[in-house]
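Both complexes below contain chain A, partnered by chain B and then by chain C.
Entry: the complex of A and B
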């Protein structure tokens, strides 16, 4: 893993370890309701300061925490048009299948490519360290996958172009 | 529209069925392909011939009339097999060409399959013969240009010592445009490498090339740019002319097929990657569920113990019942025998469910 990426992911990991201390907290507004406070943002005393970690202008991670939930939003690197459409397609594909991931949000936060919502119930069902490992590995895998997809598309295009031009021989 | 395979599969299958039939059969089929090509096959028991009529779009602006086939095209069709095939004049109403096929003159070997395949590719012959006529005289000083429209229009521009074929590319989806643009750039890169020097030079530009100055605006409005091939005399030699023409006719279809396959490939990769990501998340959950399963296992042991104690109760009740039955059966009672039996005739029990032995008072 390259050094700048390692530093970025380490920073995200440390922030998540500090932020992922969630507890059950019923809604103060409505009786017998239990809602993720980070989504509603109705009670400012239940929200912590959001943390924005930027690797560069194009890549950043926003971590918003509240007493019973945590929201992580990621902006993925997109160097050119092809990476742009590949990232868009892939992240939209994952978001549409958010139920398979449980902690994934169906719609990303505005200005970001993908978002996670972790509640206290997820922390009870899953191990905290493994959850953080998943998020960090997800960030690493997304970058890798988009680069591999771009290379595969280019390689395929080259092979198909060669086959087409061979017909003229 | 030209397809990658020259012979129409449905037409070939029908003609083979008629040829392989032991006795003449009645056939009256209409076949439609690519929403613009129509075949009409008629064969009857009373006649020894089979009639094949073809209707295919032949649009070209400013070069040949669009409703009739050129003499060169008709000559090329006759060359498929002069014994088996004959052109019927005038053609059937609504069709541009009617052929009379005499299968009795087909040789009974592998040649017959080859002839039937060539007859099935007559639509490809018609399409390519028009373009062949244009490309054959590359060195002619006659400067002209024409637009061929089958489904997707493309231009053929005659210049000194070369002919330029320009393809305006249009796509419905923005992502298709990006994939196709990447393909066109690879096409140019491959052509510019040393070993492909014999191939027509190709070029892609997002704006119309200078050769298309003066054409209608709606014909030049595209989202995928313009791809052009420079055809020289070397590429239209007798041996290569057919391949060159077929490649140019199929260029649009080739690009669209590649874009479609690439989208499918991207979808498959995304699905595989998603499965691997979900497995990582499930690992964080599985260990928790294993611990829960162990707790459930302890509860199961408790349930089993409850069941065994119940069975002991049932056994005890059965024992009491059988005792009562024995008492009723044995009417002869000996006083004191019961005490004697209990003291001297019962087997001592060394294991106690209570865990201690009760001492009797003497």
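Entry: the complex of A and C
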């Protein structure tokens, strides 16, 4: 049986490949403005159906597309309280530096941990395949990162505790 | 004018629900005879196309869900399923993926991969772009419904018979 993580990532990759068909579309309401329609949601004819892909009860991925932009929101697996805190801090760290990532959104969508906003300008400057590879790689690596952080926290805690308690031996 | 339209739609909805009930019984019998692919075909066939009634959509989803979960051999299923059903199957797969229930999602992810290989990205794009015939109930903001949703129990009916008795 194929690895469920791999199936989930394949599904997200295929959906992104299909959904990342963006073109320039100036704002219909205000002249000389160009806004990402997926954020404003003013005209229903410019929006496609949002798609929610759940791997299980804890992890999910929401992909909303419009004519000139696409928003991907991820909820990462958080098994216990410690992972919850680590994930929140780590993803906040990344979101704060959203300028460097270009496709990252500064605030995640309500109910999710991190969001990406890809516009037609990003598709023009960067290769579509590479953008999709980046997102899927991110999803793969985030789990590893958080487990590594958790392990380093428990290792440090153990070292500190053993050093401290040595004096009572 | 609006009143008569609502009546017409209500009758139509009742007719659709009765049809779905018949379909559900047929599917149960097909599953007992170990024919999951035929069951899935029957489930996908009479999908109500342009109904806005949420009960019809949910009822049909339950029926399709039952048929989907009974499928064990995905490759074999595709060899006998006609291409005209690919689009509607893709829409139901996305509905299944949005539920969040682990076995449903596992099954839907498996079928999704094979379906994309077969039908290509166009199938996915058609299910994204079709805003007219959606399978998802339209969320009308209403305080009462919202509150009921928070307090309400989370048991999803497993078969259509339970749905009608609930």
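Going forward, the second predicted complex is superposed on the first by the 167 of 169 C-alpha atoms of A that agree within 3 Å, B and C clash if a C-alpha of one lies under 4 Å from a C-alpha of the other, contacts with A are read in each partner's own complex, and residues count from 1 in each chain.
Quick note on the criterion: a contact is a pair of C-beta atoms (placed from the backbone, for glycine too) under 8 Å apart; a residue touches a chain by one contact, two chains touch by 3 or more.
Since the structure is predicted, the reported quantities are computational estimates derived from the model, not experimental observations.
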Combined model on chain A: chain C and chain B, fit or clash: fit
Figure out whether A:138 sits in contact with chain B (first) or chain C (second), or with both, or with neither. first
On the A-aligned overlay, A:49 touches which partner chain: chain B = first, chain C = second, or both, or neither? second
Given Cα centres, how many degrees, to the nearest 10, is the angle at chain A formed with chain B and chain C? 150
Chain B versus chain C as contact partner of A:31, first or second or both or neither: neither
Let me test your reading of the model: by the given contact rule, A:21 touches which partner, first (chain B), second (chain C), both or neither? second
Pick one for A:7: touches chain B only (first), chain C only (second), both, or neither. second
Return first, second, both or neither, reflecting whether A:97 touches chain B, chain C, both chains, or no partner chain. first
After superposition on the shared chain, which partner residues are touched by A:89: those of chain B (first), chain C (second), both, or neither? first
Decide which partner touches more residues of chain A, taking chain B and chain C as the two options. B
In the overlay, chain B and chain C get no closer at Cα level (Å) than 23
Under the contact definition given at the top, report the residues of chain A touching chain B in one complex and chain C in the other. none
In the complex, the residues of chain C that touch chain A are 94, 97-102, 105-106, 109-110, 112-113, 116, 121-122, 124-125, 127-131, 134, 136
Taking the touch rule as given, give the residues of chain A at its contact with chain C in the complex, in rising order. 2, 4, 7-8, 10-11, 14-15, 17-19, 21, 44, 47-49, 51-57, 60, 65
Within their complex, chain A touches chain B through residues 81-82, 84-86, 89-90, 93-94, 97, 100-103, 125-127, 130-131, 133-134, 137-138, 141, 145, 148-149, 152-154, 156-158, 160-162, 164-165, 167-169
Note: in the complex, chain B contacts chain A through residues 174-175, 178-179, 181-183, 185-187, 189-191, 196, 198-200, 202, 235, 240, 243-244, 246-247, 251, 254, 258, 261-262, 265-267, 269-271, 273-274, 276-278, 280-281, 283-285, 287-288
